[in-house]
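For reference, chains read A, B, C and D in written order, and residue numbers begin at 1 within each chain.
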Amino acid sequence: MTVRFGLLGAGRIGRVHAKAISADAKARLVAVADALPEAAAAVAGQYGCDIRTIEEIEGAADVDAVVICTPTTTHADLIERFARAGKAIFCEKPVDLSLARVRDCLRVVEATGARLMVGFNRRFDPHFRAVRAAIDEGRIGAVEMVTITSRDPGPPPLAYIARSGGIFRDMTIHDFDMARFLLGEEVETVQASASVLVDKAIGAAGDFDSVSVILRTASGRQCLISNSRRATYGYDQRIEVHGSLGVASAENQRPVSIEIASASGYNRPPLHDFFMTRYTEAYAAEIATFIAGITEGAAISPSGEDGMQALALADAALISATEGRTVRVAEVLSQ
Amino acid sequence: MTVRFGLLGAGRIGRVHAKAISADAKARLVAVADALPEAAAAVAGQYGCDIRTIEEIEGAADVDAVVICTPTTTHADLIERFARAGKAIFCEKPVDLSLARVRDCLRVVEATGARLMVGFNRRFDPHFRAVRAAIDEGRIGAVEMVTITSRDPGPPPLAYIARSGGIFRDMTIHDFDMARFLLGEEVETVQASASVLVDKAIGAAGDFDSVSVILRTASGRQCLISNSRRATYGYDQRIEVHGSLGVASAENQRPVSIEIASASGYNRPPLHDFFMTRYTEAYAAEIATFIAGITEGAAISPSGEDGMQALALADAALISATEGRTVRVAEVLSQ
Amino acid sequence: MTVRFGLLGAGRIGRVHAKAISADAKARLVAVADALPEAAAAVAGQYGCDIRTIEEIEGAADVDAVVICTPTTTHADLIERFARAGKAIFCEKPVDLSLARVRDCLRVVEATGARLMVGFNRRFDPHFRAVRAAIDEGRIGAVEMVTITSRDPGPPPLAYIARSGGIFRDMTIHDFDMARFLLGEEVETVQASASVLVDKAIGAAGDFDSVSVILRTASGRQCLISNSRRATYGYDQRIEVHGSLGVASAENQRPVSIEIASASGYNRPPLHDFFMTRYTEAYAAEIATFIAGITEGAAISPSGEDGMQALALADAALISATEGRTVRVAEVLSQ
Amino acid sequence: MTVRFGLLGAGRIGRVHAKAISADAKARLVAVADALPEAAAAVAGQYGCDIRTIEEIEGAADVDAVVICTPTTTHADLIERFARAGKAIFCEKPVDLSLARVRDCLRVVEATGARLMVGFNRRFDPHFRAVRAAIDEGRIGAVEMVTITSRDPGPPPLAYIARSGGIFRDMTIHDFDMARFLLGEEVETVQASASVLVDKAIGAAGDFDSVSVILRTASGRQCLISNSRRATYGYDQRIEVHGSLGVASAENQRPVSIEIASASGYNRPPLHDFFMTRYTEAYAAEIATFIAGITEGAAISPSGEDGMQALALADAALISATEGRTVRVAEVLSQ
């Protein structure tokens, strides 16, 4: 079986997925839609697919699955429409910035029986997967404490920040998902601290740029998350998982890993410049997993529920940071 | 000038200091006191000093300074006595487990004008000092976020735990001091989470064995601390300090740093077995600093005030972990 | 301009090049030839090109360049034929196992004005390139001493060894080329030692499996090469270049770079399993360089001359190892 | 039993040994001799021993063992004198620069039954010992190939070079001994290349500053040695031993092992500045081994024979480098 794809949104991340689909022997890119004609044309030209409207893709008999890379505000609506159209759906995170809207959207997905995968790309990084595999194989025993370090090279434009939902929902959400991927137990309470240390304009926009979070599960497992919108040395992405028998860790990846020693010491070049180069393999593996899930009828993960849980942690963290208290996730989910 | 020392307490850490004093050309070990005659005799035999009672050392004209390595409950009393006796005082941490008692003790120290240094040995580790020097030299810009990882190879005996004051006052206190050493600003709020994951008997004794802490200063600087009473791979002691221009970090030290690669991969031996081997250089540098402070009349640090501040952070962390709220340090200090 | 390619030989390395050509926007795979019809059909099916005979490709007006991945014994003949046919030629190493035959072949190339690139893939590895760039930028000063470590995970089949020309011409030749790439000066003398330590059958076949080489240039620069047909821990590929101001080194690359620490120490997984996974990026960059050379009319390197010089070093090494003397390269080249 | 020591020569290395002797509970420094009265006085003052002449120490009933740290030209004579005087002897390398003189000296040692240890300090480095232990425990299988990298931060004064016997006998000799320590089999042939790349004045003095060596044993085991009198990044001391089952390696040691990452990449400070700081632990362990050998009546290693074998390799390397041929060690030893 070949999975026939429609691509919704031909921006930067859309093109990453178009490439992955085209390179996969079990998939074919059939059509692309984008509000900007030249963006759609670029993808169509490079990968030899049709340019169609979203409506045309929705009704197309030759499209089995869609990849949603449009702006965040359209995600939930598009998921509902394509769920009803009987397509398999891959949607970039987040489903929506409002937990209530996500909940409604997932009800439609459930009612239609649609298959939905949410784009938490880091779960597909080969190094992080190897850490998870080490846990699953029992090499570190029972998981006790997780540390996730995630620092962006620099802050996004203020216009982006304004519509991002804030650092917890935009950036830390990846770490919340990674924490759930590694902890092996749902988070019960959240403690967070948030500051503006990088750029005062971010604070003026009502957001933070530097945050620390402690997650705690019912059995007492803990996860520490450290985030900053600044890392002069490149895109800093590390995890370490301590268990009863040992620790498994994934260090930073480097585009060029030479070392030069001289009178001033030993020097290695900076890390990757950002997620597009750091997570190249992860993006390809993510789409391959989605395709395999469709062709083999296997469960698809991370699911819409995973998207909702990560968002709930983000909401809880924001409350903790602003109200100065430990927040139970159940409080957020029950609203 | 040669500083003439009296050693109070000839246990494990007392012997470490006896060795450091004897090896220092500017110091001489004159007398040792210990409730156990054979412990005192062992030190006296090895380093050629007198065995005396605490009272005799208190009144001795040939003793300029004392090193207090007796049980914690005696520290505050001994500090007061030797402050009144006009001796320079080096006291192992903590001054006392009660913040109120520490405050009273420090009033006596201040009133007598005595010189008091508290034994936070990690400040003297050459690697951690180099991190601090990098900060002072401006190499990482303004400090923003600090991460401290501190994991013991295994828990102490339950009897020790019972009188330890709990993990925050006994173990995390070293990290609280390190946080203050590195943050460059006093901590304003504390958030902590604490669990029993290593040994249920520790929980039954009313203590925790796994804790996570977020410290936050007035300007928004943050410090993450991760502690566990278990680390199968050895004594895990790491710090990293993120600033506006970069990050300075000190990785773990190893007694033997070979690597063996075979069909099962690359293998390096475990870390140091505990603080006595990991901080050998730090203990020597600590006493050398105390001696230099006396002979040169320089300020001695860490001071009694440093000891009190670290204890206040421990008290705040305990409240945060048990009451589920963010705790202001001022609340603890004002009690 | 789009470079239209004919692929001669559709085996393992041929398919690597087919993939690289197909992925390059400036190139197109037009035809494939292989003695095995199913090998040719597999490439034709996957990349949508014609299946043709070598003769048909030789005379084809729609083919600008060929990639020669046929058995070694055919290389020189094919280079001559396609040089005369006016095609640009990329040929896998070696041009031939006989220095005299290589010399004759290169005369034809020169006479026809054909463009010839020889497949020393390691020059295109991003890490090794970065070492070379560091040299070119003057970061380590004048090159003095180079160390190249190259160890295969395991020996090839004996049948392969029998027709390989021996370890110096088959395996070390990559290191000889790398030495020339890094030394910045031609080699004048060669000293080599060769043993059979891995498999006696290799010795019975007249070859060696473990060799050490010292290369020396006229000005006294030195290069140490260490080779083995055995490395239980994966494909070991390292270089370090010492210069007057410092050293630049490229460490091993790993497919998965996690670390697991436990009571038995710190463990990292083995290295890549062999060159196909280790040099994925290098193979792609190599063909891209060839394509760019054609479209931009730039010089193409490594050239046939580079192929001949590396072979001369291999011949000299074999003489040194078997005759127990230091061999001048001029002696070999003048035969 | 307490071993009573006489120290011959109170220069830099003599003071290192004086400190080690004084710190060892099973030894006592009784007397020191030095041609410079103030050098002897400094040691006597610091460690509380007598100042005596060499003759007085030779005849002293209260001296069991001597440590010879006088100039190289006096070593063989002093060894013979103290062997005849019935003292145990620790002598800094080399016994002599002439193989014939060494041979004669060792005959006297043998005839008197004296115990002689030669100061190849690197055998006592804890990291190199751990590599050797890994070999002895069978963790890497049969040893096949050894690589030793040894680079000095900078060249010694020309006056020193003039009387050093040349780089092979002065510097590489440590690597020759390490090769013998690790190869597990005597060396049969030597190939060497030598250049002047660091300082032309060294060449004018008849010496080299950059050398490469291949050693080969009867069974074909190989050892590569790389030496330079220049390493801008500090004292470079590495070994790696490849065996049939894997590789054991010891990387460089660092006085301060922090890392600072910034926009210019990741930076670690330089290595140790030279052998006095790099091999601190080795020097202490070396003397402790000598003392234990005496008190326990155990075999003492490295022996005079080890000193002679390493010198033979140096002589062979010099012949190889200057005559351009592979040299058999038997040829040198039989002269």
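Please note the rule applied: a contact is a pair of C-beta atoms (placed from the backbone, for glycine too) under 8 Å apart; a residue touches a chain by one contact, two chains touch by 3 or more.
Everything numeric in this text was worked out from a predicted model, so none of it was measured.
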Path length in the contact graph (chain B to chain D, fewest steps): 1
Contact-richer chain pair (by C-beta pairs counted) among B-C and A-C: A-C
Mean-CA-position distance for chain C and chain B (Å): 58
Intercentroid distance (Cα basis), chain C paired with chain A, Å: 40
Residues of chain B engaged with two or more neighbouring chains: 232-233, 245-247, 261-263, 269
Contact set on chain D toward chain B in their complex: 126-127, 130-131, 134, 139-140, 245-251, 253, 255-263, 269
Chain D-facing residues of chain A, complex: 232-233, 261-270
Chain B - residues contacting chain A, complex: 142, 144-145, 147, 149, 151, 189, 191-193, 195-198, 210-214, 216, 219-222, 224, 226, 228, 230-233, 236, 242, 244-247, 320, 324-326
